[in-house]
Every structure is written in C-alpha cells, then in structure tokens.
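Chains: A, B and C, in written order; residue numbering restarts at 1 for each.
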Amino acid sequence: MTVQAVPLPVAAPPPNRRFRVRPSRIVLNIVLAAIAIFWLVPSIGIAIISLRPNGTFEQSGWWTVLTAPAQLTFSNYQHLLSAGFNAGGVLDSLTTSLAITIPVTILVTVISSLTAYSLVFGRWRGRTTVFLLIVALLVLPLQMALIPVASLYKVVDNATGLHFFGSVIGTIIFHVAFGLPFGIFLMRNFYSGIPHDLLEAGRIDGAGEWTLFRKVVMPIGIPALASLAIFQFIWVWNDLLVALIFLGSSTHITLTMYLYGQTRALANNYYIISTGAVISIIIPLIVFFAFQRYFVRGVLAGAVK
Amino acid sequence: MAGVILDDLTKRYDGGALAVDKLNLDIHDGEFVCLVGPSGCGKTTALRMIAGLEEITSGEVRIGDRVVNNLPPRDRDIAMVFQSYALYPHMSVRDNMAFGLQLRKTPKADIDKAVVEAARILDLERFLDRKPGQLSGGQRQRVALGRAIVREPAVFLMDEPLSNLDAKLRVQTRAEIARMHTRLEATMIYVTHDQVEAMTMGDRIAVINEGVLQQAGTPKELYELPKNRFVAGFIGSPSMNFIDLKVSQDGGVVRLSGEGAEVRPDDTQSALLRDLGQDTVTVGFRPEHLELGALTGPGLSVTVVVDVVEFLGNDELIHGSSAGRDVVAIINADNTLKVGESVTLTTSPRRLHVFNPATGLRITDNGAAAPGVAYRVTTG
Amino acid sequence: MAVAVSTSDSDPVAPEGEILPTTSKPAGGGGFRSHLGSLLFLLPGAVWLLIIVVYPFIATVVRSLYDGSGQNFVGLSNYKAIFSTTDIIVSLKNNVVWVVLFPFLVTFFGLVFAVLTERIRWSTAFKTIVFMPLVFSATAAGLTWASIFFIDPHTGMVNAAIQGVSNAVNPPGLYPVDPTSGQTVSSLAATGVQPGPGGTLESKTTVSAGGTVEMGLIAISPVTLQQNGATTATVPAAASGAITGLVWRDFSPTHPGVRGQVLPDEDGIPGVHLSLVDLTGSSVATTTTASDGTFKFANAGSGDFRVQITANNFQAGFNGIFFLGTQSLTPTSTASPTLQAILSLPIVDIAMIIAYLWIWAGFAMVVIGAGLAALNREVLEAAQIDGASEWQTLRRVTVPMLQPVLVVVFVTMLINVLKIFDIILNMAAPSSQAGAATLAVDIYNEFLSPTGAGLAAALAVVLFILVVPAMLFNLKRIRG
C-alpha cells in the first residue's frame, strides 16, 4: 500500500441546515410556557387581591385589574400594619412565628450536628442500630406525640408554675424534637463522606472530640448545615398543626394560625386573608431565592420526610 | 459488512474550538482500523460522528455507499461498544442482547437463536438471566460485545472498551476481540489512547493529534516510516529519542553534528540532506536499535552518561543523558553498565529518522513534502 | 473457531445503596476519653428524642386503650368506634381518596416535567417557577386556591372561566329560569299561554293576520324588569295584515289575585324574543317585544299561526359550581348513609388535590430531575444505536432506570398525604369540613373536644399503623 500525498479536491460546501428547530420543539416550548403561566397565576392572583381595595373581592375577579390598574392600592397593608404589634395582629403573629422558627432552626442544626458526629465518628458499639432507629423515627407522625406531650406540659406547669403549654417555649421544644430525626439523618449522611483519616490525624495530634467537632467536622459540614437550616426554617414557619395545639388558646399566635383564624371569622374578608398570606410568604420567599441551591439540596436529601 | 469513508470530516464546537479537522480516512470492508492518539485528540469525537451521536459540522461519512450524515444512529447499521459498557441495568443479559432486535421487530425465534449463539461465542450462557449488576467488569464487557454481535451490523464501533479492565483482563480481552474480528470478518473501528493496543490489534492505524490526522498505515509502516515527529514519538514504547543536530558540508561530505553526537549519513541520505538547505535537523532513533560500541561506518554515534539502569531480564533499560538531552537505550543485559559510566551508543543509518525541526515532517526516504497536503490513504 | 474466554470472574460489583459505617472499630489513639466525648455528643439529641418522641409514642398507645377521661380502661373499644362511626369512616374514605390519587399523580407530573424540561433552554427558570409553591404554607396555599375555586363566577377563577365558555355557547336569556331551584318554564304561564315544545311558551289560541294576542306571564322578578327597562304594559292595537300582541307581567301589586286583564299598574315584558309559528310548527318570522311589551309581526301572510316565546329567553346563566363542597362525583345519592360515606367522592377532594399538586409537583420534578441527570448518558446512547426512537427509549430504558427514584418520590408523597391537614382546614368550605376531613383532621378535632383524648390517641395509632409499611420500606432501602 502506498501513501500518497494527494492535493485536496475542492469539495462542495455541505448543504445548509438552517431550520434545525423541529416543529415539535416549538410546540414543547409553548406547552411548557403555558404550564409555567398556570403555575404562576395563583400567586399573582393572591398578590393582586391583596392590592385591591376592600370590598372589590366579592364584586369582580382580580383579573379585571388588567383593564383597570389604577385601583391597585396598599390600603390593605396599611390597615393590617396599623394594628401595630398588638396581640392577634399580623405583625405580632409574624414576630411570634420568628420567635419560634429561629430558635428551632438553631437548636435542630446544632443538636443534629452533634448527634451525627457521634454516630459517624464515635467509638461505641450500636451506632448502626441507633441510626436505624432514627430512620424509623423519620416518618413517625407527630400526632403520635401530641396528646402525651400536651399532658406532660400541663403536669409540669401545674407542678412548677412554669408555662410550657400554651407558650412559645413549649412549641419550640416540640418542633425541635420532630426536626431532629431528619436533621440527624441529613448531617449523618454528609459526615459519612468525610474521611476518618482526617480525624485520626487530629486525634494523634492530641485533639479532643470537642475540638475535632468544632474545628474539623463542622466547618466542612457547612453546606449541609445550610441546607438543613433553610429546610427546617421553612418547615416550621409554615406549620399549622403544632401551633394550633400548643398555642391554640394563647394571645400570641403564629402567622399560619392568624391566616387560619381569618376564615373562621368572616366569609368574605379576603382583603385581609390575601394580605396576610402575602406577608406570610415574604420571608420564606426571600430565604428561598437567596439560598435556592441549598434549599433544593435539602429537599433532595429530604426525600424521606 | 461495509467499508467506511471519512471525507474531510470536521467537528467545530459552538465556541469555535475545532475537535476534528478535515479527517480523511478510507476504511475497507472487513478491516480493523484503530484510531489512536493522546487524550482529547478528537478520536472519540470522530467515532461518535460516525455513530451519529455527534453532529457533523462539515464533511461526509459514508458507510458502504450511503452518505449517512443526516441519518440517525439506528439507520446507519452500526453497533457500538462503550467504554462504560452502557448495559441496560434493569434488563437481564439476554434482554440486553435482544433489545436491538426486538425494536426491529425481528421474529422471536430468530432473536433467541442469535442471542444464544452470541452467548456461546462469548461464554455467557450461564449468565443469560442475570442482571448486569450481578456481573464482573470483564463479564459486562463481553455482554456489551454480545449486544453488538447480535445485531450483525455493517460496522462495529468501539470506544476504548478495555480501559476499565484490569491489566490481566485487558490482555485476555484484547485477544478475544481480535479473534472475534477474524471470525466475523467484520469492519471494526476501534478507538484507544494506548498505542500498544493499537499496534497489536489493528490492520491499520490512524494516528490523530489535536484533531488532525497525522498518519494512517499498517503498524509496520508507522513503526518503520513515521511521517512526522509526533507519530515517531507516539508509536513505540519506550518512545523514540530525538536529538537536534547541525548540518555541515565539508567538501561534498555531509555531516550532522552536535555536542556528544554525530551522524555520518549514507549516500541516499547525504543526497537528500545536501539539497535541503536546512542548517539543523532533528534526528530520531529508537532505544531498541542502539548498540554499544564505536561507529565503524555510516550511522549515528552518541555519547551518553548513564543515570539509571533498569534490569529487565534479557535486556537492560538505560536512562542517560547526552549533553543535557535525555537518551534511553535498550541493550543486552550482559553488558553490565554502571551509573555514571560514559558510553558510546551507535545505530545504523537505516534506523535513523530525520525530521525538519520547523515542520516536524520526515525528511529522509520520502523527501520533503509540500505544505498544505493531506495524507489520504489510497488502495495500492 | 471457538473463542476461548477468561473464566477468572473476579471482583463482584459492590452493591449500590446508602453507606452504612464500615468501620465498626476505628483505629487510632483516644481511648476512654474519646469514647466519653463522642457519647456525650449523643446526649442532647437522645434525651430530647426520648422525652418528646419515644415516651409519648408509648404513652399514646397506652392512652388509646382508655376512655375520654383517661380513668377507665376500655381496651379496644376506641378502635371499634373508629370503624363503626360514619363520620370517621368518611375520614378514612378521604384518606383513601388522597392516597389513591395523589402520590401517583404527583409522581406522574414530576416525571413528565423532569423529562420535558431537559429539552428546553430555560429549564432553570421553569423549575424555579414550578418549585416555588413549596415555599408557601399549605395554609396560605389552601386559602389561595379556595379563592380560585369560589362558587361565584365573578370572583372564582375557575367558575369565571366556565361561565365565559358557557355564556358563549349558551348565552343566558333575559329571564332565566333556574332548574336547580325548582323553577320550570311552564310555571311562568299565566294567561293566554301554554307550554310549547322544547321549553317554549306558545299562545293558547291561534291567530291570523289582523289579529292580536295577549300573553301574560308570572314569576318574573320586577327587579329584572326594571333592569331591562320595562314600562307599563299597553294593550296592543290591531293592524291589518299584521299580527300584533302583548307580552306582560300578569301581576298587579294592588290586585294580586287578578289574572287575565291588563291592569294599569302591570308592566310589559321587554326584550322577549318571539317567533311566529305556523300550524306545522315551523317559524315564519321573529321579533322582539318593546319596552311596554308590545310586538308586531308585519305581513303575517295567510293562515293561522301561534306566537311562540322562544326557549332562549329562559336560558339559565351559569351560576357556578360549588367546587369546595362535598357533592359526590360518584352516583351515591340513593345509597344508605354508611355506603355513601364509603363510596362518595366529594368534589372538594379533587379541588384540594389539584391545589396540593400545585405545591408538590415541583418537589417530584426536582428529585426525579436529579435522578434523570445522574443516569449514564451512554446507556441512552446505546439505546439510540440499538434502534430505539425517543419515545421507546423513554418508555423502555429511561423510565425503568428511574424506577428507584420514582418509588422514593411516591413513598415520600404517600407518607405526606396520609397526614394531610392544613389544606383541608383552609380550603374546604365550612359546610364541607366534616365531609372532607381526614384522619389528621379528626385527631385534631378530638383533641379539642374534652372527651376525645382516648379516641384521638386511637386515631393516632391507626395513622401510625398506616405509615408503618413506608417506614419498613425506608429501613430496607437504607440498609442496602
């Protein structure tokens, strides 16, 4: 076989493939756009309802605003916020929600990290069994604990004069307990990926467990911590049942209770409901958009809760 | 069975990066051709364009006598074996192999026959009802091969199928594939970065670097007559040594000289070098062609200080340096060389490869090639 | 020539699954100190869980065997009550509805969205939009969707849309007769008219050119008449060659019992569409009444005719469907109460499921999308080469390979839906609360009632038992 140097023949240019976007792709984009619009409509609707004057809700649909945008006003917000921080008002409920959510988030993240550390790097037998117990607890309905815990609170309150039932503290304690299984699960899975050698080196150098936890494991675990914190925050912020049980008779209620309370009062006070709903969504929405990546990761890991 | 012709095959990515640059290759019916080159050279991209998994920017792929550029993979009559085997994890071995035929609505009896036969050839009969997850790497590889065989395609495409196997399995499976090729008389295009694989398996090899075909030919051709410095350095292990030498003419006698090395060309070489008008050339010579001793006639002589001596059994591998350049030699182990020793190594003119330092193209034997010419392999 | 093959079938593949700790005895220094240290770390979490989760769990089981006051041991009678009280059976039925419909639908939509978004450039934006409702509380979402499903077509989006379509197809008449309230067209006939074919009213007597016809109707709202611009009825004058007449409201406020005469304080009925119908029943002319109720068919032609008040005058408008009510979608109105409890499918359940899908489809989409992205591309390419079309690849390779992810999503949603609570409280209309309730709602209600603690505990235990299969599934999955 010979290898010949052959001058290049001038080849004809390849046929122009201009319209590579097939018709099915255009249809797909249209269909998905329609779905996206459908998904946005409820949120947009409730926002617009909150911006319409009191009394318009019963008369005409919010979509009529598109032809009469001038009617939009912040009057509902002014109305609600003018109640200030009086108990039962929207601002007071917002602070109550914060007063519950923030401590729960902090406690769950810290305790979950500690427990997960023990489960992964601890040197005691039975770690697997304990972990499996935690996995079992993941799906335990909190209804299983409501009555005894409520009774427990009442007993303690009567005996010591403290105020657990009907208080923010009692609610926090309950929320933490039911946030721990998921938190421990998440952190433990993350910590499993940290090589033991890292800690062995530290131990050989003489570091104690607390130092190892604080200086080695926790810093590495920050992404998972962030995911857990955000997930936990939104979960507790949006809770209704636990709040109703433990704060049902309290003067200070959470935002979800506030909203729920509105339906019981009047049939057609949607100008309050919509405004309250928007206010209740703002903080989770900010958290979501600021930390979207972490939230999604938390959700992915939480495909068990 | 069919041949494959690549005609100015080009792949340009959206950013402008050129992955494959006007690849011309003529693969004959029943031939085993290896595409070989360093990682990222475009060989896998070229293979995927043949398969239809990658859009062709320009140029043509012909399978048989059809231009297949606009055909989807399933209409090209090809089968492919992937580096990761790409078996269907939820299907049994039997179903993995039968899938393609089922899609083509082949009668069940024919499917069963083909699957059983392929399983017999590859010794997979006892695994037919297992899932890929229950098999070892080597077994999965054989299933991937079986899946391809069953389709009886015009062309087999293989993308580094041995890379994920351990060394021992690799050697064994290499032989199996070679036997498969002989048995089926199939056209096979095989991509690998391992030049040993290419040399041992291919009827012909196409060496590719940075998207450009460097040389295509039989293993012997590539070994003995590399067209350029890249091919010369890529083929052969340990790789070829290169030294830059000055060309001097002393009253009609051409000499190549440099520090610690000297070449006395033979008559044909002298003639070419005289007409060349270069003042430096790159001389290449393979470690296995070096001998101890002084130069007695035309040829290369290089003085080397020994750095490392590796005992190979019958031979010794010598790492040394000559005036700052690294030189590797393989000589008979009976010569027990010591570190620090200075030795003279020689080789005959026949074993010399002379390259133009600027273009990298081979000078001797074929003469200087004109620029801008593609290397097209023609029948002959 | 046979191909000899290696028989060194070494290295079985490591099974996939969650990583369990492989080192039960970690090496290195430490000793008792580090033992203690890491055990101490366990303490806060362990204590918290024991007090608030483990002990109450046992306590609830025990409590369920006592009556409402907690003093008397009643064994399993709470549980018997659960399965024999109609209201609770209704709740169980609703749980079944949710469990049967929701996990499947949400997984299905999640899969569809995950697959479709792979092919568009703006997939991140789409995913964000569909995922966002997860951030809403079920309370806020329930209230939002309640407003969407409001019965009044002026306010509720869905009913507004239906009304738009309905009015276009069947425009309502000026004098709608609402069959759901028991009204019929024939009940409007007072004087000189009788029911005609197809929901019309026809003049009792025939009339010919030059003649007059007076048609009196009752049960027409004076408000409607006023809105349509009615004036006092005028007795029609005859016109030769034409047929004239009057359609009026045969009701006088001053003489309520008198029929058949056109009294001075009775109003004409304007805007009524009339058809001049010959004796074969076909229409030869049409006209509409004036504001005083009079009408005229000019050039009536020869022969006898009847004047027909056409059915479109009485076409009822669309008044809205009560989506948030417990109207059953299955035909159970004739069944016994218990059977109804079990077999009826309240429409509000469907509305709530739609709302809940709006919240959770994003979750399914993101999880399945992650699974999809993790698939080995080369397997899909192998399918392409084997000859599979896009649809075949999806059905026979992609989806089967996604099966583990799909199951995880399904089970997670199943657990979620067994405990469904917030959305029912906030979306079902107050009158539907009982009919739409689920176990979790019942538990809450019993908790609130002073004598319901025992029953609430039993219900909680039942809920737990329902969740156990999922618990075992998770354990199995994580053990690998």
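Just so we're on the same page, a contact is a pair of C-beta atoms (placed from the backbone, for glycine too) under 8 Å apart; a residue touches a chain by one contact, two chains touch by 3 or more.
Worth saying up front: this structure is predicted, and the values here are computed from it rather than measured.
Centroid distances built from C-alpha atoms place B farthest away from chain C. Of all the chains shown, the one with its CA centroid nearest the global CA centroid is A. The centroid of the Cα atoms in chain A and the matching centroid in chain C are 27 Å apart. Note: centroid distance chain B to chain C, computed from Cα atoms, is 67 Å.
Chain A and chain B have Cα centroids separated by 56 Å.
Along chain A, no residue makes contact with two or more other chains.
Interface of chain C with chain A (complex): residues 18-21, 23-30, 33-35, 37-42, 44-46, 48-49, 51-53, 55-57, 59-60, 63, 113, 116-117, 119-120, 125-126, 128-141, 143-148, 152, 154-157, 160, 358, 363, 366-367, 370, 408-409, 412, 415-416, 418-419, 421-422, 425-426, 430, 440, 443-444, 447-448, 453, 456-457, 459-461, 463-464, 467, 470-471, 474-475, 478-479.
Taken together, the chain B residues at the contact with chain C in this complex read 51-53, 72-74, 78-80, 82-84, 86-91, 99-100, 103-104, 121-123, 133-139, 142, 147, 151, 168-169, 172-173, 176, 179-180, 182-183.
Of all the residues in chain A, the ones that touch chain C in their complex are 25, 28-29, 31-32, 35-36, 39-43, 45-46, 49, 57-61, 63, 111-112, 114-115, 117-125, 127-128, 130-132, 135-141, 143-152, 173-174, 176-178, 180-181, 184, 189, 192, 196, 199-200, 203-204, 208-210, 213, 234, 237-241, 244-245, 248, 255-256, 259-260, 262-264, 270, 273-274, 277, 280-281, 284-285, 287-288, 292, 296, 299-300, 303-305. Across the complex, chain C meets chain B through its residues 1-13, 15-16, 376, 378-379, 381-389, 392, 396-397, 400-401, 403.
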